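Note that the chains are named A, B, C and D in the order they appear, and that numbering of residues resets to 1 at the start of each chain.
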Amino acid sequence: MPTEYLLEHGTHHKSVTVLEDHGDRAVLQVGDRRLEVTLRTLPDGRIAVSQDDQRRLYRTFRAGEETVVVRGWTQHAFKLTDARERWLHGTGGRHGDSSGRVTASMPGRVVRLSVAVGDIVAPGAVVAVLEAMKMENDVRSVGGGRVTAVVVQEGVAVESGALLVQLEPIGVE
Amino acid sequence: MHKVLIANRGEIACRVIRACKELGLPSVAVYSDADAQSRHVWLADEAVRVGPAASAESYLSGPRILQAAKDTGATLIHPGYGFLSENASFREQCDAAGVTFVGPGSYAMRQMGIKTLARDTMKAAGVPVVPGSEGPLRDFAEAQRVCLEIGYPVMLKAAAGGGGRGIRLVQAEHELEAAFDGARREAAAWFSDPTVYIEKAIIRPRHIEIQVLADGHGNTVHLFDRECSVQRRNQKIIEESPAPGLSNQTRLAMGEVAVQAARAVQYVGAGTIEFLVDPDERFYFMEMNTRLQVEHPVTELVTGVDLVVEQLRIAMGQPMSVSQATLSQRGHAIECRVYAEDPSRGFLPSPGPLRVYRPPIGPGLRVDDGVVEGDVVSNHYDAMIAKLSAWAPDRPACIGRIRAALNTFEIGGIQHNIEHLLQVVGSERFIAGRYDTGIVGTLPPLHSEPEEDEFAEALAVLLHDRQRRQTVLTQPAADESTWARAARQAGLRTR
Amino acid sequence: MHKVLIANRGEIACRVIRACKELGLPSVAVYSDADAQSRHVWLADEAVRVGPAASAESYLSGPRILQAAKDTGATLIHPGYGFLSENASFREQCDAAGVTFVGPGSYAMRQMGIKTLARDTMKAAGVPVVPGSEGPLRDFAEAQRVCLEIGYPVMLKAAAGGGGRGIRLVQAEHELEAAFDGARREAAAWFSDPTVYIEKAIIRPRHIEIQVLADGHGNTVHLFDRECSVQRRNQKIIEESPAPGLSNQTRLAMGEVAVQAARAVQYVGAGTIEFLVDPDERFYFMEMNTRLQVEHPVTELVTGVDLVVEQLRIAMGQPMSVSQATLSQRGHAIECRVYAEDPSRGFLPSPGPLRVYRPPIGPGLRVDDGVVEGDVVSNHYDAMIAKLSAWAPDRPACIGRIRAALNTFEIGGIQHNIEHLLQVVGSERFIAGRYDTGIVGTLPPLHSEPEEDEFAEALAVLLHDRQRRQTVLTQPAADESTWARAARQAGLRTR
Amino acid sequence: MPTEYLLEHGTHHKSVTVLEDHGDRAVLQVGDRRLEVTLRTLPDGRIAVSQDDQRRLYRTFRAGEETVVVRGWTQHAFKLTDARERWLHGTGGRHGDSSGRVTASMPGRVVRLSVAVGDIVAPGAVVAVLEAMKMENDVRSVGGGRVTAVVVQEGVAVESGALLVQLEPIGVE
């Protein structure tokens, strides 16, 4: 009973099913393609994946909900969910930031807030400045709207993803 | 017997500690709470905590650093770069405490630290500076007069300014009056001081610097040039030596001027004179860095001089081991700075755990770093992870070497600028060796997402599936497994 | 477009593959079953299995290597050192198959490969050889005559001999007759051939070699000297350049003679002329190695020439990129060979798993290796694990650097010779730079057991106790642990 | 109820007891000395052990019955046994090779056997030559005696520790 997974990679989505898994050899169904690969762990911890003449080395780790696969200096972060569960809960694959939430793009210290409750903010406008690693970085809103809440204060430290400012849409979009 | 305290962290602390080991000098590392298990701490013979993560209370705290030196009996303090390295008061505190600061005297540090003072001192010493007004402009008439003298284009700058604010470029005379008024208004608004001054605008400048070395026995030499024009937001990212295409005549003239500049402030130690160079190879003093530079490896690679060893020798009162007559450049060197930043999101800093980190190795390569795989890149300090340098007999071979090396850099967990570095060193302008400080701006933005990779997808799904099923597919050797489990449970790793 | 097959393994295969990457040439690795997951296999663009672990059926099999070249479309074969590198027939098979062998023509290989032929050829070319009899001695009278001519001490050697057997040292004439009879008897007993010949005995010789490079356009140059006198059982273990204390006059004379020797056999490619040098700096041709040497890095470090890149250029028909006039030595380089062998048990080979392996890094260091931590050092091949080289502006600094580097080499799981290397480079004679091939024999034996280390004892007991009790003392973070377990169960490692 | 271990390191023997173990800090009784150490695993897998001003870095692994501790290029192989078990079984700490067994000192191929059954062998005499890594290595007997069995043949591959030749004592020793 192979499980079908939904694989999200940035904005890409794919359906992947593990058809056979023998440890050092596996067969997968990726979309409408059948993929047969051999796998081997090298002494230095890299995983060699090969198929016919093609062979590549990877290292992997887990970061929160994501499975990260690194090849040389390229890094792919995949989010994997059980396809059946997704249908049951109906979360779909929709992402983005129409939520009006402006969040911290990295951990850092809030050095400046450029907006106050009631302000109208244009899409892409700077709403705050975060300092991390000696550098100041603008935090911009993705969409526009009216500020309904400023959640943080200047000077506080925030984690990546922390809510800074909440916007509500104005007019009809 | 001397003992060296290294008042710094990261790669430069490691660099200095290695030099101490080679000279047989005991070394003392200092660390903040964020760095308690960092590489420099374990590389040094001793290590002393100097405060919490915030630099102001640790690496920037003169009294705490001096206390650490006292506690450990250190006789020399090497400041590295940044932090206390250009702090003249700290130098004086060291002198008062009877500890030798590895660097120039406070007089040279002050003369060069205050930019308007440096400009005046250099002018007096016959060093070419960017033509401009003698200090602040009194009125518009003076602005007009100065511009006529130095010629357009010019830059109007707020005397109290900084950070790129209050600067206006004036292309021709008819723009001057509006710009003058505007700049004064802006300066008043931003800095509460309307004073402005004028400098000739250098169009498409190159940023080329000269390394100098001076000892306490009256010897001052230059170690030729470094090309530092590959910058993003005034941050150097790639440096090379020799500067490509620079005529040897200009190179030597710059070297002589740099020696002149160093002598003018009775300089002792390693220092760097930064110049702006225009397309006709006219060069102008920009500033002097009275310390070791981040990019010192390229000079070491082409001249064969160990600058840190020379710094330590000079600080111990010995004469430097080189002379101008014997110094020469051999081959070519390029340094790439690897930063924890995300090129696809406007080069935002990207602190976090360095889950994958294996820098390339091979003939002609040098890696200066202060991290190991598994370390966390802290958001408290600079985002530079490593400096990857290549030396080769000529520039094309050097580019081939650094490209091959960058391509095999294994790194993950954080975002980094390696693709951007590859983009620069693979660009037409860079390869041709004809570029200026605008080069980075001419490159197209990087793709925000890596190419699809079927094998990576398969691997991710397989690992996820195996984890989910919790099925034992391959049993590790019994002995290894028992041992590994016990060690893991004990919080220790066996391999 | 060229494609390079590397007919070798280990560090030298990795070295050549890196050069290919820098030149933009695709590379093909070959491997035996023992090396299926070795480093060179994964470093190359492609890899082909050529046979079982035994060299004779894999790396030494000309037909299999040629088949691999044919299958992958390789146009060049780089033989590295050892294996097929000095095999003239293989060179001819390459020629017949239309694949370019990176090395000299078969004529030069044969002339130099047969030692008596090489001696005659060199003598004819005016290259000094060790004085001795013209071939085999007919009778005792001839022996007497030759000894009178060349002077005592002399060596009597079995013409069919080898491996140090059938050799007698004769200090003075009154010993000659007994030695002559004895040597003949011994030669007859060991080699079924009583023929002996005479060579002048060089007392306390140094082993100094000259690197040469010749291209197909008539250019032949030398790249100065390497001192290779630090040997154990005729196995080089430490090499340096320049040879300490050698007069520049002798160095250049040796260089000129080496070029003469190479020209005499129409040499093309990189090669080495080995000389015996006596205490008065008289030098004698010993042999020519018609290939890249293990110790080529020290020459690369001091001359700044990339010998592998030059080899590949020359093989592709290009002229070499250097000329005698522009070649020079800068600074000093020392190479130490790290072997898997046990100094406390007579340097027995010590194959096995390399459970701990982290070579040192730092400015001026170069590591040539072909293993990673976790690899198994196979007993099928050479016991050399890595070459650690240091470059510094002068010899004392270079010794300081290599000692600091050796001291921080992390290695375990197998026995190794690092303590022995440290003993040599820390010895009075080595530091003084006054040594000959006898240096290793003058050193006292190493302690067979390391010093007691209380912390190590405590650690061992704690780990053993924890494993025994199977008690969870420290819980790793839940997420990491689940993931690590799943990956481990899947036979994969996550970090 | 702390366990007392016998720790063997080459020819040295020690009694060691773990009195307290808190993971990052432990107290041990080594002979008549009390040793209190702190332990910490660094990101690169090294284990830092420190006490007062002294601090050292180690890596460890298990090789057969031994616990191996590596510091830089020095390597200590410890054999640990439960002291009580040893007393019960009475094996003691005696080692050496009075057994008359001549064994392979490393894995390799037997290229030459220098003795036959019935030969009398002097202590330290070469009884066989093993080839490993392109080099020939003499295998010598520790004690002397008469050869009662030659267990291997020329040309065969043997593992480290494999019995090659069995001797019996001659005369009174």
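Basically, a contact is a pair of C-beta atoms (placed from the backbone, for glycine too) under 8 Å apart; a residue touches a chain by one contact, two chains touch by 3 or more.
Note that the structure is a prediction, hence the values are computed from the model and not measured.
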*Which groups of chains are still linked by touch once chain C is set aside?*
one piece
*Approximately how many whole Å separate the CA-defined centres of chain B and chain C?*
39
*State, to the nearest whole Å, the distance from the C-alpha centre of chain A to the C-alpha centre of chain D.*
52
*For chain C paired with chain D, centre-to-centre distance based on mean C-alpha positions, whole Å*: 32
*If you look at chain B, which of its residues touch at least two other chains?*
355, 373-374, 407-408, 462-463, 466, 468, 473-474, 483, 487, 490-492, 495
*Multi-chain contacts in chain A: which residues touch at least two other chains?*
23-24, 39, 47, 59-61
*All pairs of touching chains?*
A-B, A-C, B-C, B-D, C-D
*So in the complex, which bits of chain C are touching chain A?*
37, 42, 46-47, 372-376, 479-480, 483, 487, 490-495
*Touching residues (chain side chain D, partner chain B) in the complex*: 23-24, 39-48, 53, 55, 57, 59-62, 64
*For chain B, which residues count as touching chain A in their complex?*
340, 345-346, 348-351, 355-356, 378-383, 406-413, 415-416, 418-419, 448-466, 468, 473-474
*State the interface residues of chain C toward chain B in the complex, per the touch definition above.*
15, 18-19, 21-24, 297, 300, 304-306, 309, 321-322, 330-331, 355, 361-364, 366-368, 373-374, 392-394, 397, 400-401, 404, 407-408, 462-463, 466-468, 470-474, 476, 481-484, 486-492, 495
*Where on chain A does chain B make contact in their complex?*
3, 5, 7, 9-12, 14, 16, 18, 21-24, 26, 28, 30, 35, 37, 39, 47, 49, 51, 54, 56, 58-61, 63, 67-76, 78, 80, 105-108, 132-135, 137
